[in-house]
Each structure stands twice: as structure tokens, then as C-alpha cells.
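The chains carry the letters A, B, C, D, E and F, assigned in the order they are written, with residues numbered from 1 in each.
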Amino acid sequence: MSETDRHERALKKLAEIDPDVAERLADSLRDIAPDLARHAIDFPFGDIFTRPGLDLKSREMINVAALTALGNATPQLKFHINGALNVGCSREQIVEIIIQMAVYAGFPAALNGMTAAKEVFAERDADNEPAD
Amino acid sequence: MSETDRHERALKKLAEIDPDVAERLADSLRDIAPDLARHAIDFPFGDIFTRPGLDLKSREMINVAALTALGNATPQLKFHINGALNVGCSREQIVEIIIQMAVYAGFPAALNGMTAAKEVFAERDADNEPAD
Amino acid sequence: MSETDRHERALKKLAEIDPDVAERLADSLRDIAPDLARHAIDFPFGDIFTRPGLDLKSREMINVAALTALGNATPQLKFHINGALNVGCSREQIVEIIIQMAVYAGFPAALNGMTAAKEVFAERDADNEPAD
Amino acid sequence: MSETDRHERALKKLAEIDPDVAERLADSLRDIAPDLARHAIDFPFGDIFTRPGLDLKSREMINVAALTALGNATPQLKFHINGALNVGCSREQIVEIIIQMAVYAGFPAALNGMTAAKEVFAERDADNEPAD
Amino acid sequence: MSETDRHERALKKLAEIDPDVAERLADSLRDIAPDLARHAIDFPFGDIFTRPGLDLKSREMINVAALTALGNATPQLKFHINGALNVGCSREQIVEIIIQMAVYAGFPAALNGMTAAKEVFAERDADNEPAD
Amino acid sequence: MSETDRHERALKKLAEIDPDVAERLADSLRDIAPDLARHAIDFPFGDIFTRPGLDLKSREMINVAALTALGNATPQLKFHINGALNVGCSREQIVEIIIQMAVYAGFPAALNGMTAAKEVFAERDADNEPAD
């Protein structure tokens, strides 16, 4: 597989999660580090998310868990909460994942993760998505 | 519900994940902090794991992800890799969860998580569990 | 003890620290995860803060230390700086706790913790609490 | 104050916590980084621990909390559990501090901190210190 | 060397990195913790940055790396991105350091570090520094 | 560029840092996750380390800094201390990098990083490398 094929595969996978994000990421990094946008798409979405053995919904559920637990990457947590919802996760499942993190990373991580979820849900409601 | 009912519920849920762990935990903390053993069982397994909205296998998958990403809790990571396998996760799924963490927590977290998985798989093989 | 008794005990302990927070927490999570508000009150304040062996002021002092060192939970750090002051800690003690963290978590953690303390002190001054 | 006075002040304070540690630290770093031993004594124990506003026992209690929460510095956690006991903290208080961390840093941090405490208590018992 | 000499040495070194920061730091902490401002200058810039064995540019490069990887100290990361540029690092080198962190701390750390760099570069451009 | 070319490029770069590590990594992951060995080589060493804009020695210096600061990845820290020495870093520079981390990540991170360095230096001495 060529680098170009890998990039195409990454963009296709990423579009399943969020159709606009590749362009938003490229825009935000265009003037400073366009290569980081490329790497941040090609490795995660071209090499890892496309692997067999774990479905896309499960991948996004574990990402929401990990980013909630780490507690220092709010923009990425919000992106993956959105992504999880886009690939079939329910709002109730997102809420449960975040509550579960209280056990392993403490209550501050869970409470701050829930604040992120609340913002994502509100943004989706404002865009007229019916709540599930 | 009484505290006793909550404890019974916790022990029952914990036994689904690992039938021996409650006793091992109580033994290890008996002389120093028996109450921590009780809290470490009752809150996670009585209050959280028993919640509806997320099945037990999914809970254990996200725990493996979070503990791999945090990278500073090897005994607990090994416990939940074991637990995930006990409640229906395949070894391939464990491996995929850990690889996925390279994206969000870096390669050291993924490599050290895989070392933990390798040890758990070897212990299970030594106990004559057929590999899946 | 019943779940209701545990909740009452938690609310009573929490009111010693901050009389309004239980309601604020319930309000903020009402639409998304009311159970998390309940868990975030009952386990910490019903099960842990009510334990003998460590007085409430000492508990809040160690919480300010831990949250300063972790460095990724500003809302909770501000809550416990406030709580520590409410249960008898002086502003000077808060400042010393945060400075001490430079040794164990580095200067950024201490400086960002002090920024949080400065905001809490200013909010309390604006509410006309005489500075100690 | 001269650098020499600062070092003397640091050694005196450190001796209140553990009379042997300065020499052990110097020994362990002599061949690789003797200056780090000096810095690791002079700044924490000469500049910070000697500050007024917080007594030595409180300083060691918050250090045990922070190091338990951070979860990646076991040798230092064990040193400060020992130090806290040496300056007047009871074993029960150490245990309570570590249990409290379950709330802010999760159960793995508390369980691994308790393992460290158990080792320190056993070492002290082996040295015939009567348990308190 | 006296404490005063040490402070003078620290201020001189700090002025090489950013001529205004000592005053800004003192101003921001004057009412709450003037001693922390003093400690945050004297230990890092008086004791450590003045050590032989590593040039100032290399010191600032590794600081940008560490603060990007830790991911929970944005004000300090921005300060050291600025400082690295002031002591001879190019914008391209800053960008490369931050991209490299994706390997060891994950993509969120690298992306959030790049956001900080973008803000610093824009502030410098607004102050009419020609981009390199 | 094809995936095969990328892998070849990665192996060549990795051989500059440590000629044996690719085989050791493949061996250790062969039975559990051979793909992780491939990803852990191709992305870091094929995509990132080969980028222009930062020389190999600088890359290894910042990696030692970041892994010391993170404090939860000792095997990887030891690998990159070795790698830094292999690509032209002096032992004195390694020591300075680790001491510098006391400022940003606290003394425990620096002390534990120095323990890792001490082990690496001793292993190299045992292999008859003359100390520099």
C-alpha cells in the first residue's frame, strides 16, 4: 500500500466518525504544522482504527474512557464523545462510561468528563439532533 | 437497600468477574486497612458495575483502556485484563484495545500495557486455559 | 445502615464543608447524569469523609495537596480550597500546602494551584469575608 | 544566608524526618550526580520544609497524599510514609490519608499506596518498632 | 555564595530568557504568595539553568518537550515556547519538538501543545517580530 | 512511498539509535501482538524521527526529558537514555537533562530518572564501554 492509499483509507474511516473533522484539523494547522494534521489522521485513522478485531463503536467507547481518565485533553474528549455518538453509541452509554471512570481515575476526572459530555450533547441539541 | 444488601450485590457482581478476588483483596488488606477492601468492593462493584446502561463486557473493555492509558497501575490493569477475558472478551480484543491506546497515551503506555497482557495470557495458559 | 441513611449522613458532612454545593452539583447534573451527583456525594462524603481517624480539616488539607499535584482538576481544587477555609484552615496554610507541592509535582503545578487559590480568595473577599 | 548555612539548615530539618537519608541519598548519587543529591536536599528541606505556616507533621501528611495520588513515585512515597511516622503521624492517620485518595485519584492509586504503607509498616516492625 | 547573590544570578539568567517575566511573576503573586515567586525564580534559574553541561537553548528545548508531554501546564508551556525562541530556537524546531511528543505522550498532547505554539507565534507576530 | 519503503526507512533510522532493538521488540511481541511491534517502529522511526528540522541527537534529548517527566515508562526511558548516548549525547548531558526535570515534574521524577540513568550507565560499563 502506498502513502496515498493509506491517507485515503484514513480519510474514509475518519469520515465515518465525523465528516468535517479532517478539513477542520487541516485548517487549524495549515499555517503552523500541516504535517501534524497529516500524521494525526494517517496513523490513528489509517493504521489503527482500520484494524480488524474491534468494531468502530467499541473503539470510540474505549477512547472516551481513556480521555476521561487522562483528564488533560478536553478538545479530544469532546471530539470522541461526538464520534462515539455518530457511530452508534447512545447518550446513556457515554454517561455510563464516564461514571465508570470515577472508580479508576477518581471523581474529578468523572465530573470534568461529564461537563464535556454535557457540552457536546447541548451542541448536538442546538443542531436539532433529537436526543436519544 | 441496606449496606449489607449492597455488599452482597457487590460480591455477586465481583464473582462474575473473578470468583477469588474478594477474598484475596480482604487477605492482603486484613492487617492494615480492612475497610479499604470493603470500600474497594462496595463502591465499584456494588454501586457502579451493577448499573444498567452498559454491559459487563463493555465495562471491562473500557477499564482495560483507561488503566493502559494511565500507565501507573499495573496490578489493577492485570486484574481487569483477566476480568475482561472472564466476561467474554477475546484475547484479540484485549490486544486491540491496548494498541489503540498508542494514539491517545503514546507508545510507551501501549507497550507496557501489552507486557501486562502477555503476563496475564501466560498465567492463564499455565493454568491450562485453552488460548482463544 | 440504609442507602437513605448513608445519603443523609453524606449531605450532613458535605454541609459542614459547603452548605450549597450538594444543590449546585445536583442542578448541574440533573439533565445528564443525576446518578453521578448522587454517587459523587454518597461515596466521598457518606463513606470516606465520615470515617474516624482523620479530622475534617486534615482531610481538606490533603485534598488541596493532591489536587494541586494532579494539576488537571481546577474546579475541584477550587472547591476544596474553599472547603478547607470553611473548616478551619487559614489562607496561609493553603498557600503553604500549594508551595510544598513544587517539590513533588514541579513548579507549574504549584503556580497553577496558586492561581486557583488567588481566584478563590478574591471570590471570598468579594463576598465580604474578612481576609485572615 | 550563605549556601553553606542553607545546606546546614536543610540537613538539620531532614534529620528530624529521617536521620540517615541524607547520607543514603549522597551515596546512591555519588558516582552519577552528586549535585542532584545536594539540590534534592537544599531546595526541599532548606527552603520549603523550613518555612513557617505549616508544621512538619502536616507537611508530611500532605506529601503522603500527593505522592499516593500521583502514583508513579513509590520510593519517595515510602520515604515520606516513614517520615510522617517519624514526626508524629500515627499509622491510622497514614491509612486514612491513603484511603481518602480513592476519591480524587481512583482506587488503583489508593490500593497501590496502601501496598507501599504495608511494606513500610512491616519494615518498621522488623526493626522492632512497637506498632502504634 | 549568599542568598542575594543566588537571586541576582537567577534574575540575570531569567533575563536572557524573558526580560519581563520576573516582574510579571512577582506582580501576580505579590498579594498571595510573594515567596513562591522568589522560589520559582531562585531554584530553577539560580540553581539549575545556570549549571554547566547543557546550553540554554537545549534546556529550553527539553522544557518545551516535557511540558507538552505532561499536558497540564499551558501557561508554563507558552512561557517556555517563548523562551526557547528568545534563546535561539527556530519556530520549525519548536514545531518538531511538539510533533515528536505524539510518540511518547499521544496525539492529544501534541495537538494541544501545537495550539499553545500557535498562540505564542501569533502573539509574537502581533508584536511585529518577523516570522523565521 | 510504499509501506515497505516506510518500514525500511524506519529500520534504518532505528539502527542508528540501537542496532538490536528492532529484533528484540519483534521477539518480545511475536506471540501476542506482532503488529504493535511494526507500528511502534514504523510510525515513530519511519514517520517522525526521519523528519528534517531537528537532528537525531536533539530528538533523543527531548525524549529523555519527556519520559523522565512522565515518570511511568521506565523501560522506554532506559532505551532512550541508551539511544541518546549512541547518537552523540554525553553522560553529562543526560544527567543535566534529568536534573532539569526536577523543576517541571518535581524531585521524585528527577530522582527516579537518575536511577534509570545509573542502571544504563552501569550496563554500558559492564559491556566495557569507556565512560565519557
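The rule is short, and it goes like this: contacts are C-beta pairs under 8 Å (C-beta built on N, C-alpha and C of every residue); 3 or more make two chains touch, one makes a residue touch a chain.
None of these values were measured; they are calculated from a predicted model.
Colleague: Treat each pair of touching chains as one step and give the shortest count from subunit C to subunit D.
Modeller: So the least number of steps between the two chains is 1.
Colleague: Same or different for subunit A and subunit F, where same means more than half of the interface numbers show up on both copies?
Modeller: Counting shared over all numbers used gives more than one half: same.
Colleague: Comparing residue numbers, which of C-E, A-D or C-D shares more than half of the contact pairs of E-F?
Modeller: Equivalent chain pair to E-F in C-E, A-D or C-D: C-D.
Colleague: How many Å are there between the centre of subunit A and the centre of subunit B, using C-alpha atoms for each centre?
Modeller: 24
Colleague: Where the centres are mean C-alpha positions, what is the separation of subunit A from subunit E, in Å?
Modeller: 31
Colleague: Per the centroid of Cα atoms for each chain, what is the distance between subunit D and subunit E, given in Å?
Modeller: Whole-Å distance between the two chain centres: 29.
Colleague: Which parts of subunit C, given as residue numbers and ranges, touch two or more other chains?
Modeller: 35, 39, 43-44, 48, 51, 67, 70, 72-73, 76, 95, 99, 102-105, 107-109, in rising order.
Colleague: Could you tell me which shape the graph of touching chains takes: line, ring, star, complete or other?
Modeller: complete
Colleague: Mind listing the subunit E positions that touch subunit C in their complex?
Modeller: Residues in contact with subunit C: 28-29, 31-33, 35-36, 39-40, 43-44, 67, 70, 72-73, 75-76.
Colleague: How about subunit C: which of its residues touch subunit F in the complex?
Modeller: Residues 102-109 of subunit C touch subunit F in their complex.
Colleague: In the complex, go through subunit F and note every residue touching subunit A.
Modeller: The touching residues are 1-3, 6, 35, 39, 42-43, 47-48, 51.
Colleague: In the complex formed with subunit D, which residues of subunit F make contact?
Modeller: 71-72, 95, 98-99, 102, 107-112, 114-115, 117-118, 121
Colleague: Quick one: in the complex, what on subunit C touches subunit D?
Modeller: These residues of subunit C touch subunit D: 43-44, 48-49, 51, 53-54, 58-59, 61-70, 73, 76, 92-93, 95-97, 99-105.
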